[in-house]
Amino acid sequence: MTRIDERQTNELRPVQMDVDYLIHPEGSVLITVGQTKVICTATIEEKVPPFLRGQGKGWVTAEYSMLPRATNSRNRRESSAGKIGGRTMEIQRLIGRALRAVVDLEKLGERTLWIDCDVIQADGGTRTASITGAFVAMTMAIGKLDLTAFPVTDFLAATSVGIDGEHGAILDLNYVEDSSAEVDMNLVMTGAGHFVELQGTGEEATFSRTQLNEMLDLGESGIRQLISKQKEVLGELANRVGEEVKSSL
Amino acid sequence: MTRIDERQTNELRPVQMDVDYLIHPEGSVLITVGQTKVICTATIEEKVPPFLRGQGKGWVTAEYSMLPRATNSRNRRESSAGKIGGRTMEIQRLIGRALRAVVDLEKLGERTLWIDCDVIQADGGTRTASITGAFVAMTMAIGKLDLTAFPVTDFLAATSVGIDGEHGAILDLNYVEDSSAEVDMNLVMTGAGHFVELQGTGEEATFSRTQLNEMLDLGESGIRQLISKQKEVLGELANRVGEEVKSSL
Amino acid sequence: MTRIDERQTNELRPVQMDVDYLIHPEGSVLITVGQTKVICTATIEEKVPPFLRGQGKGWVTAEYSMLPRATNSRNRRESSAGKIGGRTMEIQRLIGRALRAVVDLEKLGERTLWIDCDVIQADGGTRTASITGAFVAMTMAIGKLDLTAFPVTDFLAATSVGIDGEHGAILDLNYVEDSSAEVDMNLVMTGAGHFVELQGTGEEATFSRTQLNEMLDLGESGIRQLISKQKEVLGELANRVGEEVKSSL
Amino acid sequence: MTRIDERQTNELRPVQMDVDYLIHPEGSVLITVGQTKVICTATIEEKVPPFLRGQGKGWVTAEYSMLPRATNSRNRRESSAGKIGGRTMEIQRLIGRALRAVVDLEKLGERTLWIDCDVIQADGGTRTASITGAFVAMTMAIGKLDLTAFPVTDFLAATSVGIDGEHGAILDLNYVEDSSAEVDMNLVMTGAGHFVELQGTGEEATFSRTQLNEMLDLGESGIRQLISKQKEVLGELANRVGEEVKSSL
Amino acid sequence: MTRIDERQTNELRPVQMDVDYLIHPEGSVLITVGQTKVICTATIEEKVPPFLRGQGKGWVTAEYSMLPRATNSRNRRESSAGKIGGRTMEIQRLIGRALRAVVDLEKLGERTLWIDCDVIQADGGTRTASITGAFVAMTMAIGKLDLTAFPVTDFLAATSVGIDGEHGAILDLNYVEDSSAEVDMNLVMTGAGHFVELQGTGEEATFSRTQLNEMLDLGESGIRQLISKQKEVLGELANRVGEEVKSSL
Amino acid sequence: MTRIDERQTNELRPVQMDVDYLIHPEGSVLITVGQTKVICTATIEEKVPPFLRGQGKGWVTAEYSMLPRATNSRNRRESSAGKIGGRTMEIQRLIGRALRAVVDLEKLGERTLWIDCDVIQADGGTRTASITGAFVAMTMAIGKLDLTAFPVTDFLAATSVGIDGEHGAILDLNYVEDSSAEVDMNLVMTGAGHFVELQGTGEEATFSRTQLNEMLDLGESGIRQLISKQKEVLGELANRVGEEVKSSL
């Protein structure tokens, strides 16, 4: 039985990444995953936060936001509310942490990469689309630096998996599926097939070890496909990712 | 002598308006003026703010924001800063006030139109592009309401004019021109050629009545062109704008 | 037909400026315009904001506030609300910008002039009274500095004009007039008769070019009178205003 | 040996109270104590805070603020800082609590008295001048209500006393004295000579019971004089203060 | 090879739960896990948040905080900073979500359980200790309600697991271990052995599926031990947990 | 007639101080006064606030907070509210000021003592218990510094006294007594029997000089007992308090 949007349980939504989408940032991508659209930009700042000063190391940090009408009903702007909500904080901490797992901060040198993920239109999976797109924007920005050793050590992409009463384990949930799923899990993995983050939540429900394994299998296959899209849009630059690792073999 | 981007002093930058740019909002436009790009959306809420309750009248209000990398260097998000800056407040108050001048709030009924203008890319004139685009998004959203009397009484568009040491009065300043202009003026006008707002500022400079008149002439011609673009993209709906006024003649 | 307070359409309200109103500030004035009363003070700080450091230039900045019972009903303090409202921001940005147009910031040297305008009693025109009074407080404070070249290049005053269904164009609106006017315009002009700021707003209305010209004529005549009051209260110091300009002729 | 301003140790500074100083508030006084000047206003609001609703009782609450240049060097506005400082909070809680001690909240009925004390010029003793002036503004505002039983039960005034190395106990400290005093005490007392508040602080010092008694004697005599000034400026209305108490004897 | 504190890789730290630790709350526990000490309280409020009103369902929400000197160096209070940090938000959202997975909100009825977890002393694992302790405080508070159907459907406890260069997979990390671990995973599981939350993070590292499985095995065994401690301290009340589930078998 | 908890009017509640209650802080005490429990910690930071830099003097500052369920009904956290309330500010300013009265800041050297008082359980008198406990935590922390001259010049303790319709003057009010007392006074005194702070408030009431004297007598006797407890728990260290003063006799 196919899903609400005619997909198979193990099928990603159509993915597109428009690189160099904006003129000002050092790296920028408009990533589209089904109806979800996120503008990801990367900005290079030639200094690091106070806690890292003088250590010869760089930093990667991320901010995430939604336009008020990215969603079906209008959300109040966090600037009007005067503070950033818990969900936004969790997501932007996740994006930054995930990207740092594939950046050699010493090779980056004393500079900060600011990643901005702004959701223009939301239909589920905005945090995972942000990570997948942010990796591309970040790699493009780093590609513009004049560095002998390329600090990006591996590819990185993210997707969601879940469990739904009707279909069991499903890949890449859209908004409707996400709202009704019993279990929701976000996976961030590398080109080498290792986990960077894995966050599974039973929404007023629980899940067994067998169900966990089914979800992990689906997620791995989805992430392999996303990484092959990233290689395509990065072109030549894709070869520099992990070059240090390869040459050291 | 032509301007930095080869334009004549009385020439607008290329303008484009992509309507129905997003799937969720009742009205949405991506307006492009030269390199400036703004997503304008209109949301209908079936209630009014407390100060208007029970009066049978509606309300139009606007919010304005820039993505952090809409500009050449990254701006801190106002949500992180925890408050909205003075410039943002001025602009969003201006957008709301301008739109209300061409909406018959009683015909609108007890509902609020939330206008959101989010600058994706900035190259001067973001507030005037916001007004021109917001008018279209608002009119489209109102067009979806089932109203016998159409509450939009006239077209509305905005542009900037300025005075520059080299060229004298110039129309529709881009960012470089805006930064070096001695005088900067924003004009909001109606289809009938009347003023709604006029804000002229000598930036550490002053200007004479003659210079004011030159700027007003340029501004009027620019606004006429913008309004004819609005009519194009609104199609059939353009005929309902001001229909009450015309029929009462 | 005379106005609500028996004035002619082209008549200012009675204006009084009590200089040296307070003992602590370097310059202070209590300006009274009809029933509107504003305490304007000028403070000299021997440093500049970060963005100007090391450039040998000074800065002029302004803050504006109302006592809670300056108005007919009590307003909540902005300190209790925890943030400054949009109207306050607009006004204080206007005051600062206007004053900077008549100060040669290089002659001022690396110091900041803090202008504080605190409305004790409001009856319309508080922002224009603030500018007119602030000019005097600022000039007095600068007069206490030991500078060879006097940095104030010209006089500066402000008033409001408007259009009202009954009287047409009127000068210097009080609160009742301001509330019912169809168009409201604030003008800031110099002793030389040039514009510094001009902000006209159709309050849910619009205005023609002819009406604009009538308002500008009224405004110019009002500002001439205000500047002659400023000269009176400044006494000897009035001669130093623009002395550089005159001597360079 | 006389004090810095030629006063005796038991001498108050000159006190003046200009009643009906402003046109809008229900009660208003400009109180001057030496060089200290405070505008006190009283506003009547026909409702009470949530915790008192439906109990048939009223409320008295106070807010206190200083203009930025009320003092010798400019203080940052609390509205700019985005929060109210600890000193301001302490003072406004003190003023409200003190006034409530002489108001029969049941006779006041379900309404709130908002007291605003805005310091225009500070030279020590701003909190005690605020209380003394606020009592007058409050009584005038209550006098405008149509109440059979007058809710003000007694007079109320405040002053400061202190101990200074050179003079021992002194009354009504100005700023210079307050800065150098070893002990600083604020006293709030009633017409009947009872204490309402007594706050004594050894500023990095301590004081003995004997010194406490000397200060209390000075304070009582000062407050008696202040209350007799209040009676003067309140005129006829002074007779209504405590009328219930007297008639019940 | 044993760990820094002499434990085996699969050994929990000593755990103690002092129930009824405070006199005021409906449920309270001081949970001690090694040197980590958290006061967990449960408060019953007889209403629900706006989004749940009128649905006959209850709510469980949690707040988490640390005393400034719970840690080795003093942390600034979040009340002084004026906002709650991202880490705190993530933790308190996690605690609330986890508890809701074992509460039948309909059987709870229209009331809110406020869970407060205040860390008195921190030595790693404060969020998992909070969940384990909060479950006990919550169950005790619910036990005081007069409900026929007991809304707690299963036991719930949490622990951390990680991977460390020297020992491989380890259970229940203390602060020193947590700081040096390559991978850190928090597990929340039920009495039935199902997952409620699983959050694994490679700290600037990644982990394989095999390593994931080792960690899950360790975590399950630790949680079984914690749940048997919970049963001990809950005494009789432990029998009511999941009674509905059992009786329906 | 005895009091609600069987005490005599001049009887303190049972007092206990558990020193070194926590492992991380330089000084820590859990003080218990009846049912009131406060964790007091002292942190030494090797720098001073900006206003003291370069003067060779130290600083003592305090923060005070309550756990949400320290009281009978749950209080909203100040971190959630985003600001510190007036009562909290008053109390923490009082604690800091009181402690500074018995510390020779020059002997302390350029370092800051951060005092944290966190109320775990409240039953009246939390601010006075905080001062009494904070003195012990502070003295212990200072005792760990390698200083030749001991900067603590005298003992310091605090208690409350009040007047109650039934018993007259009473010592050390619990919550129920505090709520119904007509007059409430907090006293902070030194080992030498001098006052540091004295804050008396008629809660919608007033008090006479005779009543003041009765309260002062009770308070002095209570504080003598508290100081003798402090000496006990400080052990050897108690001898260093005031050693400079004694040796200079």
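When the chains are written out, they are named A, B, C, D, E and F in that same order, and each has its own residue count from 1.
Note that in this section a contact is a pair of C-beta atoms (placed from the backbone, for glycine too) under 8 Å apart; a residue touches a chain by one contact, two chains touch by 3 or more.
Protein names from UniProt, one per chain: A, B, C, D, E, F = Ribonuclease PH.
Note that the structure is predicted; figures quoted are calculated from it, not measured.
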Hop distance check: chain B to chain E, minimum number of steps through touching chains?
2
Applying the touch definition from the top, give me the chains sitting in contact with each of chain D and chain F.
none
Could you find the chain whose CA centre sits the greatest distance from that of chain E?
C
With chain centres defined as C-alpha means, what is the inter-centre distance between chain C and chain F in Å?
52
Taking each chain's centre as the mean position of its Cα atoms, how many Å separate chain B from chain F?
61
Any idea how many Å lie between the Cα centroids of chain C and chain D?
35
Residues touching two or more other chains, restricted to chain F: which are they?
82-83
Following the ring of touching chains out of chain D and into chain F yields D, F, E, A, B, C
Provide the residue numbers of chain E that touch chain F in the complex, in ascending order.
22-25, 28, 35, 39, 41, 43, 45, 63, 65, 67-72, 74, 77-84, 88, 114, 116, 118, 120-121
Please give the residue numbers of chain D that touch chain F in the complex, ascending.
83, 86-87, 89-90, 92-93, 97, 100-101, 105, 154, 190, 192-209, 212, 216
